[in-house]
Amino acid sequence: MATVKIPSIEEAERNPLVKAVYDDIRATRKSDFINNIWRALAFDPPLLQRTWTQIKNVMAVEGTLDPLTREMIYIAVSTANSCSYCVHSHTSAARAKGMTDAQHAELMAIIGLAAQTNHLVNAMQLPIDPEFEVK
Amino acid sequence: MATVKIPSIEEAERNPLVKAVYDDIRATRKSDFINNIWRALAFDPPLLQRTWTQIKNVMAVEGTLDPLTREMIYIAVSTANSCSYCVHSHTSAARAKGMTDAQHAELMAIIGLAAQTNHLVNAMQLPIDPEFEVK
Amino acid sequence: MATVKIPSIEEAERNPLVKAVYDDIRATRKSDFINNIWRALAFDPPLLQRTWTQIKNVMAVEGTLDPLTREMIYIAVSTANSCSYCVHSHTSAARAKGMTDAQHAELMAIIGLAAQTNHLVNAMQLPIDPEFEVK
Amino acid sequence: MATVKIPSIEEAERNPLVKAVYDDIRATRKSDFINNIWRALAFDPPLLQRTWTQIKNVMAVEGTLDPLTREMIYIAVSTANSCSYCVHSHTSAARAKGMTDAQHAELMAIIGLAAQTNHLVNAMQLPIDPEFEVK
Amino acid sequence: MATVKIPSIEEAERNPLVKAVYDDIRATRKSDFINNIWRALAFDPPLLQRTWTQIKNVMAVEGTLDPLTREMIYIAVSTANSCSYCVHSHTSAARAKGMTDAQHAELMAIIGLAAQTNHLVNAMQLPIDPEFEVK
Amino acid sequence: MATVKIPSIEEAERNPLVKAVYDDIRATRKSDFINNIWRALAFDPPLLQRTWTQIKNVMAVEGTLDPLTREMIYIAVSTANSCSYCVHSHTSAARAKGMTDAQHAELMAIIGLAAQTNHLVNAMQLPIDPEFEVK
């Protein structure tokens, strides 16, 4: 149960801006699958367009990090922010980009360890070492 | 100002378990620098030892992810958990492992974007697409 | 599945303090609907009463912010804290108080953007500009 | 101490894209003040530009919510995400847009109350009332 | 630097409601120390009064949990919510109520471990075992 | 629906390291019940083993805090981190260790109150009183 109505693809695509975004999603991903976030965002086409444009700019263009690394960083943030849908969608995306079980386990071990030391450090309220200063 | 006393290295090393951990930190990192988290944790040597052992097991051994990728995942979690000290220490570690400004910017862009869609999705409470099921 | 037993309204109202709170909820809201949070809190009548009293004091009395603005702020916090039930109940309340789809979309855009810059800033650990000082 | 170098305005503006963004910030806000987030983001001009464009699109254009309401929602999210810099900068912006002490107090009371019920509900793991379904 | 003005005790107590709350804080705690949260909240006397009344009701009356256990639970939540001031004030309170270094270390070990498994479980999105159902 | 496959106990125990961990879980807890986290972690036996070893070291050995207090602290952190599964499993464990309804209600009241003041304080960005310094 969502807090917004999730239209079918057909309903959503009656809006030409939505249709244009969906076509770009399909072309960029080389897949016909339009997942729920894009269907739900159709209720505000400009927000849909801005969100997709950003995802495309950050996740789908050439850059200095490879696509799988980007997905693993996305999973890490989504886990810490407790976004169930996002963890599912980006774990699925990471697998599609080749994440192995061993990499997934290592990702989870790092996420869990980081959370542990984050909380230890927040409990101790440590001052920052001057050696960490960026030069 | 911390919530635990942070001893000097000399004071801390009077405890032989602390000394053994610090020696292992120095040997593993090939550096004499013992940063504040390790000094602060000296107030409970077994907790110090368990924390370091985990860091070493997860961050410093061979694995399927390269050392820089691990640090960037650590930064992502620490940012989402709002741990100031951890963001500083792991950004410093990532730079020491070769993170360029371009990679740092890309990491931040992914973290920011993930947070944005995490919140959009949590506001919409989306059901999970059955296509995301792990096979 | 909850971690506390959720009684029926009838069972819950056998306790006179619970009955008094429920009557006040009905009178304040001009509705017979008692939603799950109030049923669940019946397991500790004083906690139920204190929680309702606060909600009433903060959300249902005259003040400087209009009722819809208050609900949108509530949604914003509940989204950031990843409270699924709260996002649902306060989105429902906001609609009942007249929130349009356009306002909902704008609310979500602000929430998402704030989360994005929150994470960017936490990743950069920025010092606070002296110009922000309250005068 | 930040995790990125914060250049002076003069240094930053040597990059023409940065200069163009800063000029737009000044024109949009009718003020010469460029606060630290914009200076820090200068280390990656396209990220600076994308972030500013979003802020402008969401916070500075005509919409269905008034400017002060938008700032209060921003403060609510930033508080829940524990972003110290963001709470400072948007409280300052809200005051500049006319937020009174009484409104500030009411905003804080709502934020605090929402956090309280968010945690109570997360501790009880309540099922969502079917009455909340969007129609 | 705070986002509200923090008056001196003398200024704050010119308001009779503030003075009454401060007198109750002093009597309840058997101490003259009024810490910053109470000074800062003086800018809205009813919010000050409601907040103090709750603290008193939950933390200072007889109950089923002893005072030190309550403070340790408070520290746990404050750490997870990354509230620096709260971690400091409640760690100080816990020490005043007798928390030993060994108890503090054990508290931190539990907080860190919980955070670790919270993140592991959120990354795996585990279904809830039916055995956990409350009876 | 999880992001990793959850094997049956029989499948999982074909791996001898998994079997050894499960036998230790059964012996430590004096129960045959292996809940989902342990089944799910079987996909990476060393991560399973490290996680269980920590849980055992922190939660199941003699210490300065009694077992029920430890579980309540675990619930507090899990609630703040919005980990649904963890709140369920540790509430169940706390009940098994004797948590009464009155204690549960008091725990929830503290968690809710802490969250409220955490957010109030984060909204006000209070400086830390020098009196809180650890001596």
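For reference, chains read A, B, C, D, E and F in written order, and residue numbers begin at 1 within each chain.
In this section, a residue touches a chain if its C-beta (ideal position, glycine included) is under 8 Å from a C-beta of that chain, and two chains touch if they have at least 3 such contacts.
From a predicted model like this one, the values you see are computed outputs, not experimental measurements.
The chains that touch subunit D as well as subunit E are A, B, C, F. Among the other chains, B has the CA centre that is most remote from the centre of subunit C. Farthest chain from subunit A (centres taken as the mean of C-alpha atoms): E. If you match contact pairs by residue number, over half of those in C-F turn up again in just one of D-E, A-B or C-D, and that pair is D-E.
Centre-to-centre, using mean CA coordinates, subunit B is 34 Å away from subunit C. Put simply, the C-alpha centre of subunit B and that of subunit E have 27 angstrom between them. Shared interface positions of subunit E, i.e. residues touching 2 or more other chains, are given as 1-4, 50-51, 54, 77, 79-84, 87-88, 91-92, 102, 107-109, 111-120, 122-125, 128, 132, 134.
Chain-to-chain contact here is organised exhaustively, every possible pair of chains being in touch.
Residues 75, 79-80, 82, 84, 87-88, 91, 107-108, 111-120, 122-125 of subunit A are the ones touching subunit E in the complex. Across the interface of their complex, subunit D is touched by residues 1, 3-4, 43-44, 47, 50-51, 77, 81-83 of subunit E. Subunit F contributes residues 1-4, 6, 33, 35-37, 40-41, 51, 54-55, 58-59, 63-65, 69-70, 72-74, 76-86, 88-92, 95, 100, 102-103, 106-107, 109-111, 113-129, 131-132, 134 to its touches with subunit E in the complex.
Against subunit C, in their complex, subunit F makes its touches with residues 82, 87-88, 91-92, 101-102, 104-105, 108-109, 112, 115, 119. Listed in rising order, the residues of subunit F touching subunit B in the complex are 1-5, 50, 54, 57, 128, 132-134.
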